[in-house]
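Same chain, two partners: chain A is paired with chain B first, then with chain C.
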Partner chain A sequence: MRSRDPGLAALAGPAGPPAPPAGRDSPPDPPDRTGLPGRGARSGWAGGARGAGRHAVLALTAVGVLFPLLWGLSGSFKPGTDVFDANPLPIPATLANYRFALEDFPIARLLLNTFITAAGVTLLQLGAGVLAAWSFVRFSHRGQRVVLAMVTVALVVPPQALIIPQFLMISHLHLRDTFVGLVVPQLSTCALAVLLLREHIRSIPPTLLGAATLDGATHGETLRLVVLPLLRPALSAVAIIVFITTWNEYLWPALAAPSPEHTTIQMGLRLFSNQEGPDYGPLLAAAMLATLPVVAVYLLASRRITDAFLQSGLR
Partner chain B sequence: MTIIEAPASPTLRGRAARRAPGTGIRTRLAPWAYQAPVVLSLIVWVYGPLVFTAALSLLDWNLTSPSGSFVGLRNYRRLVEEPEFPAALSRTALYVLTMLPFATVVPMALAIMLWKRPGRTSDVYRSLLFLPVVLAPVATALTWRFILDPLSGIVNTVFGEIGLPQRDWLGDPSTALWTISLITAARFVALNMLLYGAALAALDRRAFDAARVDGATEWEITRHLVVPQLGGTTVLLGFLCLVFAGQWTFTNIAVLTQGGPVGATDNVYYRLYTYAFTFFDAGTAAAAAVTIVVLLTALFGASSLLRRRRAQS
Partner chain C sequence: MTPGMFPTRQADLALTPPRALGDGPRDAPSPGAAPPDAGPADTEAETDAVAETETDAVAEASASAGLEASGAAVDDADADVGGVLLDGVVKRYGTQTVLDVPRLHIPHRSFTVLVGPSGCGKSTGLRVVSGLETPDSGTVMINGRDVTTTPPGGRGVSMVFQDFALYPHLTVEQNIAFSLRLEAKHDRRGGPSRAEIARRVTDACEMLGLQPLRRRRPGQLSGGERQRVGVARAIVRRPGVLLLDEPLSALDAQLRQHARAELIRLHRELGNTVILVTHDQLEALSMGTHLVVMKAGRIVQAGSPSDVYRRPAHTFVATFVGSPAMNLHHVDVVSDAQGSRLTAAGMWATVPTAIPLPRVRVGWRPADGTLEPFAAGRPSEPGLSVEGTVDVIEFTGDTAVVHGISQGAAAGRSAHDLPWTVVIPARQPAPAVGERVTVRVPHTHLHLFDPDDGHRLAEGAVG
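Coming up: the complex of A and B.
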């Protein structure tokens, strides 16, 4: 189902706390920052012009890619007839669109559904993912490569190619419009979580795991007492990624939960837009309610996420 | 009888010794127990359906009737002979091509700019530029519909003011595909900017400092020292663009154009969805699915060959 973007995935990158690989310079550390080579040489007019050009390019790109968010946010506060007003700031501003969206459509219910679904899928994927990732690192047996290949290939199987059997299964099991139907099948999108967690577990020094074995710890005890505590930062990064991806999932809810009371916010927005037609005010308000929680989660964690990612040494 | 063959280390305690590799059925089953949830879920919801789809593609089956009849390869022949699917296939290629620069050159340039001057401003820019990846796709698509509204959307209002042509961007067959491409491209720029950033972070800055001391200009360093080292990343991201360009446009197509106007924005993924849930033609939809998977597998094989060859040279 769902398009599991490698995207969000990426943002985790092995954030593994232990042992950053030697020989790599971690970009954001202070000495590097100030001792930037060549910076002094370019002070003065030429350097200033160059810096200004760079800021212009970056700022313009940022405004460009964020334009829909900014314009939609401002539009959602503009009163009824002014919604298309060209003034970037909503003056006068009103909350009427939000009130209308919440009263006219079960938006609050949809947000709650989405939160429950995303949280459920996150827990399920993290639980199953840690177990599988751990077994990939700990055991070597003949079936290992096959299972690893299964997980990796699942990442690029287009979700649209599976919709007919998935639709038939979910209908015949009478799981349409239920949380079980929304959550449990989405465990199968865990490939990304498994592969990321595997990288993190692999970066734990083998001597630590060996020491635990020598002390008589079972595989399960080593996982619980040694691996999990070390894995905590990686787990939270992967959890954020899975949560955001599931929150944004559209295809699976469209198949598994088509009715406005039981679906998630992405499918709900689609239904709401069919109902509202060209009345953009409430539609934008609903769109912002669907977007802002995720943006907030991202902004709170963004520095850590991008930093962790930049140090992952992905090639 | 299994006997521990490797001489046990003297520090090994009894419990660990009993669990040495290869002993007992419990130990041999342990890895499977750990992997069971993931493996079962993949079999039930990914690989099972894939096999089922392959079987379905040989049937003539209307999803609403109780069962279908075997028709061999007729569904595939229909796909090839009717104009829609080949057209959707070439439009999918067009999507990939238009998005390729946004998946490679543009994010590479941004990542290099951010990398050259590490610091607080770069961190802020990086966080902002990554945001499109986390934006809810349906919400973003609906906002674009508002922005591109043919009568009073901001784009046409501004274009009117400054004397540029106003168009029905999503309703005109000559502009709709490019519009969908550009909307979707923001996600590629955002994501790949960070992926290039990770590749850059792994480079050794001292080589560039040495070149600088030797009098190389910034442009020469970028052009001759930095960019060539990003080749592997570029091949990988180009391939990911190939795989995901079609899929990422899916939501935008579904929300904004439903494949129209007159099929101008239709791609293979949306076509498959249409066969399945507009025409309830399970056989043809399944045949389309199999075709897509086979093509992707072939491309995947080609790209890993390319990567291996690069790694060898």
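Coming up: the complex of A and C.
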């Protein structure tokens, strides 16, 4: 949640801001689309025009989003100084960058570190989120509204504002360059998990919880045996969001665990810089490799994410 | 004041079915007058159950006669009998009092129905018994045990919810076994064994015809099947008190009739105390052996269904219970030594009792009136005569409901037309719309209510 996919965004910088190329690419699109319905269905011309406009906007957005990624992908296959070519396609193409990234740098170690960090933060946030959300829904106590308001405020406080106190904290605890120091402070962004899970628990019919209580279930058993199974879609959605966000985190690993033994891949990409500046080819190759796990996770679970966000009810 | 005069405007009298009503010949509960749920007796066990609930109902009728007035001796008797006792229970949400029950005893092994319009506190009452709600004051006793602070799971009660509240991620048999599994887990020595759980789940499934559906999930069941799973889940624990929160309202009309009979049969087989909440007065009359009518968080009347129907303690009960609703008219009273004459626009009545009020409300059930061709003049025998014109006739099969209007001009006092309804057998030739008719009601079927607070005036010779 701190700096949004810094690796990719930073890398895309030299390639030029995404908007102008998108603008240049798009003009052929709208006439093309309006031509289609105009030929066939005369009756639906107005609707066709509107549809074409919508498609144009979507196409523009898609190009804007995809361009940096594609440019980086293309660059990762370009040999040597070809990276600075305006040619969008990597011709001639080479795998040398990937070989360099994989062989001369501890990329496997970095990926493992990142996975440990992301998984740890995800588990911690889910655990804390479920318990907090459950207590918000199940128990009413003094000051609950205040606590809830504070959680909501925590959602809008920029995480960068917390970085310095957190850094000082782990420094004093001698937790720099440890996984504990890397993972635990990232629990501070669990407000989203708490609020999202709270909404989902609230959508469980109260009679269901009453039935469990009458069946003799304790609060913990109700949570474990009734609420959690029903919460599974929401849990996986939250898990994926947290996992991806943590995976892409740059600033905190850079401060908390700068050594290659503990740092994450996003921070590790900096290892590709030397005195002469970044070595762009291998850097782009490593960045592509760093993206793959996240893409895989998203593809596997994208339906669950959208499901969890779209459906608030359970039945 | 003559000795035969009515005791009037006594709040506690009217809140309760007065003990005096046991005097009337119709009040002695004969086996023939068994509550409708009894049905034809097939088995010995059933006859026993009916006899027992019937006795309880009678005992209860007298025990709860005076809500506030009942003595300590009666209290103890209630506690010994078992069942559910709410004593001084008050429940508030914020500043609003949703439940205020000075005293309510639900007889042991009765099928008690809490009935009232929505928002009358009947569901809150049920939740207080279940323990899902904690009363702000008062005590809750179940079978002689004070359970006010006992958590819901330890009260020996179970509940069927309006939406059935089945666990959607569990199969039918897992749903039913849920509470037993928890019990086994919490009490490894005294709880049910694995075999015991399996047996009891099978018993419950068989009882409700769920055997073929055991491995289905709630999402794959129809409304009626879900309701049966909800009931099976509730009875598998063998609860001392089974609570049913409008369990039929989610079913469609045909199924409801069937489910109603099923629940009555179930109560007969289980022989435990059942408390059902409903807003449907027909359901209340037909299912319960004991009826509790509630309004605005308070109990208006408690008693056997026939008692509540025949002697409504309040105009609210009179109009809420029974369909079509009881006719109610404001009438002027002139009393002398022979009795009282009641008059209003288009109607007059004579009753052989003195009434110490200048005005009363007189009520009569639509089914108690007989429809006659218009006849001028006043009959000599006591009773009520209503003159009017036929407005609408509803044919309902066996009967027809005739809606009539009495013109207010006749009395010269009020220009308002007075509507009334009368139920006539369908084989009787129906009058034409617009025809002038006379309705006669014997004085024994008249109900008199205080015109100001709506409480029933005591019976004496009127009823």
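The rule we apply is simple: the second predicted complex is superposed on the first by the 228 of 315 C-alpha atoms of A that agree within 3 Å, B and C clash if a C-alpha of one lies under 4 Å from a C-alpha of the other, contacts with A are read in each partner's own complex, and residues count from 1 in each chain.
To be clear about the criterion, a residue touches a chain if its C-beta (ideal position, glycine included) is under 8 Å from a C-beta of that chain, and two chains touch if they have at least 3 such contacts.
Since the model is a prediction, treat every value here as computed from it, not as a measurement.
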(request) Tell me which of chain B and chain C touches more residues of chain A. (result) B
(message) Tell me the contact category for A:Ala211 with respect to chain B and chain C: first, second, both or neither.
(response) second
(request) Go through the superposed model and pick first if A:Gln144 touches only chain B, second if only chain C, both, or neither. (result) first
(message) On the A-aligned overlay, A:Ile164 touches which partner chain: chain B = first, chain C = second, or both, or neither?
(response) first
(message) In the overlaid three-chain picture, which partner chain does A:Val156 touch, first (chain B) or second (chain C), both, or neither?
(response) first
(request) Report for A:Val226: first if it touches chain B alone, second if chain C alone, otherwise both or neither. (result) second
(request) Considering only the touch criterion stated at the top, classify A:Val194 as touching first (chain B), second (chain C), both, or neither. (result) first
(request) Check the residue A:Ala128 against both partner chains and state whether it touches chain B (first), chain C (second), both, or neither. (result) first
(message) On chain A, which stretch or stretches are contacted by chain B in one complex as well as by chain C in the other?
(response) 213-217, 314-315
(message) If we count contacts the way the header does, which residues on chain C are in touch with chain A in the complex?
(response) 127, 130-132, 151-154, 157-159, 161-163, 165-169, 178-179, 182-183, 186, 219, 233, 237
(message) Quick check on the complex: what are the chain A residues that touch chain B?
(response) 1, 3, 5-8, 10-11, 13, 23-28, 32-33, 36-39, 51, 54-55, 57-59, 61-62, 64-69, 71-72, 75, 83-84, 86, 127-129, 131-132, 134-136, 138-139, 141, 143-144, 147, 150-151, 154, 156-167, 169, 185, 187-188, 190-191, 194, 213-219, 244, 247-248, 250-251, 265-267, 269-270, 273, 278, 280, 283-284, 286-288, 290-291, 294-295, 298-299, 302-303, 306-307, 309-315
(request) Spell out the part of chain A that touches chain C in their complex, as residue ranges. (result) 205, 207-208, 210-217, 221, 225-226, 229-230, 314-315
(request) Write out the stretch or stretches of chain B touching chain A in their complex. (result) 9, 11-16, 19, 28, 30-32, 34-35, 37-39, 41-42, 44-50, 52-53, 56, 63, 110, 113-115, 117-119, 121, 123, 125-140, 142-144, 146-147, 149, 152-154, 157-158, 186-187, 189-191, 194-195, 197-199, 201-202, 204-205, 208-209, 212, 218, 232-233, 236, 240, 243-244, 246-248, 250-251, 254-255, 269, 272-273, 276-277, 282, 285-286, 289-290, 292-293, 296, 300
